[in-house]
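Look for subunit A in each of the two complexes below; its partner is subunit B in the first and subunit C in the second.
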Partner chain A sequence: MACGELVMQEIRRRYVLPGDKIAEGNYRPLMNVIRTGNAVIATRIGIAETGRDGVKVIPLSGIYIPRVNDLVIGKIVDHTSLSWEVDINSCFSAHLPAQDVFGRDFSPARDDMSKHLAIGDMITARIVAFDRTRDPMLTVQDRDLGKIPRGELLKISATRVPRLIGKRGSMIQTIEQATQTRVLIGQNGVVVVTGRNPEGIKQAVKAIRMVEEEAHTANLTQRIKVLLNVPETPQEAQANSAVTTPKPQDQPVQDTMEEVEEELEAESEK
Partner chain B sequence: MTQTRNLIDENGKRTDGRTINEMRPVKIIVGNIKNADGSAYIEFGKNKIVAAVYGPREVHPKHLALPDRCVLRCRYHMSPFSTDTRKNPAPSRREVEISKVMREALEPALMLEDYPRAAIDVFVEVLQSDGGSRCAGITAASVALADAGINMRDIVAACAAGKVDDKIVLDINDTEDKEGGADMPVAYMPRLDQITLMQLDGKLAPEQFNECLDKAVEGCKMVYEIQRQALMQKYFGNETEVKEEQ
Partner chain C sequence: MSVSKRSTIIVEHLRKQQMMDAISKGKRLDGRDFNEQRPLEIELDVVKKANGSARVRLGDSEVIAGVKVETGEPFEGLENKGALIVSAEVLPTASPHVEPGPPDEETVELARVVDRGVRESEMVDLDKLVLVPGKIVYTIFVDCSVINADGNLFDATSYATVSALLSAKLPVLEMQNDKVVDTGKTQPMPVTTVPISITAVRIGDAVILDPSAEEEACMDARITITTSEAGFCALQKGYTGAFTIEQIKKAAETARIKGEEIRAKIKELTKYGQ
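What follows is the complex of A and B.
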């Protein structure tokens, strides 16, 4: 604990605009920064963090740029005889090879691709390959990846995703418990809300929109709790009971969501 | 052009009451267009200009895409109601040229190599013009690009200087542009200390040229501060320090 606090103290945060000098000296440039001479310069609007391992800027605006191993939610927009084209809310359209779904012995003549995934379907997928020279390639061959059967779809800015998840998933847990919904979040800023109660879904969407708009402000979790009428003190007990209570229907979808959350939490912790 | 009247009076005041080193009032609002990825509205004296940035996004038609970097496309356009007499909305020779110089003024600040095979579209629409609209357009477009979250080396600020009644003055307005001796629009990256646009319409002696350029750069630095304030206001409100969540 004491060690954790020590690390926390060493990270210095400040607001920056493109071109601002963050630090001078032998720092490692990590994310959204460039080195010019001895100085580290911000390239985006955001919060600069100067830590022991280097300097980075957490951006507050911008579109989604794919990264390998990201979990994304995408929409099938087209297919060729060998792959599906997936819109992943980015400037690059992703490809899901048909072999990924049908296996090595896939034959375009024999297998009907639209039986598995039709144009307009939403999928949860992981990015397996992406670099400067080629478009992102996806896979659905992992536990709980694949087609999303139902839910309310909304898009938020990809830069708001870590905030929506919160520290160790605190924000999204608060929303899910208060509204009796499950929230599936893709790193690309696409969010799917499912639940039995339409009123709950409406509330969850409202809360997510609020997180998106006020992402950079302090004490947001508190304000979300006020919005959703969450009592403040017994939250821990409630959290434990809600996690253990099995929810009716949507069992596979729930698994998918929990998996995604774990992934994203791990991602945000990094 | 022969001068028909004095543009600077005996008290050293210009046609709109400014002194020679005074800029017109500048106001910038960030994020006024919800549909765009980034946007800005600028009032530079009587100029009223909206800039919107879309992207990085897929390039259409596909053959325009570059394999190693992003395509930057700019469109400067004056609304038919932006001038005294109706302006034909079709792109004129002047608008095509300004679109080009605007693109070239913004390009050095952008890290286009970060987005290969993509395109960034910048639209600058002049709602009301009063001289110096290309500078105001570049200023607004640069803020809109930062708002869109595109990787930038620096923010581009632009301001003009010129010669009026044989005196070098800051920030030429429409009357001074038409009746004055010279007009020099300059776009400048303050942190990198680099000029990305410099045009000159008129005649200047070498020493006048230097004075004019220095004055324009000073103007750019003033504009830069206003750009910073506008962006800070939109993203961080009145806070200047990061507050830790409890």
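What follows is the complex of A and C.
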């Protein structure tokens, strides 16, 4: 039935608060939801998605919760004789074993850890292990991982990271190309911008801040392009000229939903 | 009560480099000039049950001060003067670097520096706070709570203390049959001057005013200078680094000029002297 389908459509995605009932029935709780009896309840503020595989909530705010295989940017805050302690902008503090840097024949007596990574250094790392029994463990043994020698540092909310990356990296590519910079994004919300031109870096930082502040609003990529003076592609120009009628009041929510789809896609690609 | 680890905040090397680059160009990371303070907001009478109170926001640093008037014995050697005690605490919710527990050195220093500014400027005329000489005097407590710590707590707490004292109403007490009786009337606090503290820190060769928490984490030395209408009245040098004589002279001159501005602002707000 058309009416039934419409209702299903509305239920598929909507804004929820913690405690809101998202769905009733035999749904699988996936992310940021709990099951109470027959009902699935949101545990965070965000956008609830009811799909074929289950129910989840994409959070709109909150701290970074580590996940295995995440690429994070962390700050060395301390070291013991066997590992570095790394601040990964989360409530969990991560550890980077010294053996990961020095190799298996690492000796605390012979090797000087602070020569490799001093307190205050920034690193790009991948989370190799994390569960409820242990703090996140990191590795820098991969391409492009390790100490970050230079760049402009900024922090955004970890929930905004998929938005900053955009659909198939569209947002970040737009920013990088328009400002002639390289933007390194950690899943934990730490961002490092590098580039030769200080003006470009300034522009990129401005754009990233705008993405952070307006992540929940519609047409963001377009506005970022305007901010950075990116010329429209012929297809875009055509698409934009086609929309001549003013949008009704509730349209932004609709658009946001479309963009959330982008966000979900970016998330699943990750 | 707090165990603060504010001095152990680690600033990323990248961020420090950015800060040094900006400073070498005569600017700060938040775009301020070296002698520019963050916006100051003062709200009075925020605690209804206190005799006087103030909430001060200096940038993102936020402090609430409350004045409570009681009676007690005078301090030894100061039998003909009232007692004034300023205390301060940094709440654990003020910063991720503060833990619950007894106050640490930094918090004790904070209370002492603020107390010294008020005491040495002789802001409150303690001679007028005696009920029975040598036996019973007014005891004024100023309790400051740091709600949010984002650097320069010395100045924020000092402004809160001064504003709270200026807005305080002193209950009129009388001795009847050797007992203290509250007449139910109030009078303004006997204030003689308005002390203003100005804190400057040195990062590299630059001396900057009103440091944020990030700047404090990169500082080499710190100096807090308090001025009253009569001139300089208190000074505290903190941290391990040193200042040159020229830097101190310049900081003192800045403290005088900026002190005038802040004093005028606090006076206008509390209607002191009007």
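The criterion applied here is as follows: the second predicted complex is superposed on the first by the 223 of 270 C-alpha atoms of A that agree within 3 Å, B and C clash if a C-alpha of one lies under 4 Å from a C-alpha of the other, contacts with A are read in each partner's own complex, and residues count from 1 in each chain.
Criterion: a contact is a pair of C-beta atoms (placed from the backbone, for glycine too) under 8 Å apart; a residue touches a chain by one contact, two chains touch by 3 or more.
These numbers come from a predicted model, not from an experiment.
Visitor: Should subunit B and subunit C be called a clash or a fit once both complexes are overlaid on subunit A?
Guide: clash
Visitor: Using the superposition on chain A described above, determine whether A:Ala218 touches subunit B (first), subunit C (second), both, or neither.
Guide: Only subunit B is touched by A:Ala218; subunit C is not.
Visitor: Pick one for A:Leu60: touches subunit B only (first), subunit C only (second), both, or neither.
Guide: In the superposed model, A:Leu60 contacts subunit B only, not subunit C.
Visitor: Using the touch definition from the top, say if A:Pro97 reaches subunit B (first), subunit C (second), both or neither.
Guide: It touches nothing on subunit B or subunit C.
Visitor: Once chain A of both complexes is superposed, is A:Gly51 in touch with subunit B (first), subunit C (second), both, or neither?
Guide: A:Gly51 contacts neither subunit B nor subunit C.
Visitor: More residues of subunit A are touched by which chain, subunit B or subunit C?
Guide: Touched residues of subunit A are more numerous for B.
Visitor: For A:Gly151, is the partner it touches subunit B (first), subunit C (second), both, or none of the two (neither)?
Guide: Once the two structures are laid over each other on A, A:Gly151 reaches subunit C alone.
Visitor: What is the contact status of A:Gly120 with respect to subunit B (first) and subunit C (second): first, second, both, or neither?
Guide: second
Visitor: Quick check on the complex: what are the subunit A residues that touch subunit C?
Guide: Listed in rising order, the residues are 75, 77, 87, 118-122, 148, 150-153, 192.
Visitor: Over in the complex, which subunit B residues touch subunit A? Could you list them?
Guide: So the residues of subunit B in touch with subunit A come to 37-38, 55-58, 67-68, 109, 111, 115-119, 146-155, 189-192, 228, 231-232, 235-237, 239-246.
Visitor: Which part of subunit C faces subunit A closely enough to touch in the complex?
Guide: Against subunit A, the touching part of subunit C is residues 10-18.
Visitor: Across the complex, what residues on subunit A touch subunit B?
Guide: 13-15, 17-21, 32, 34, 41, 43-45, 47, 59-63, 65, 91-93, 132-133, 135, 159, 167, 216-221
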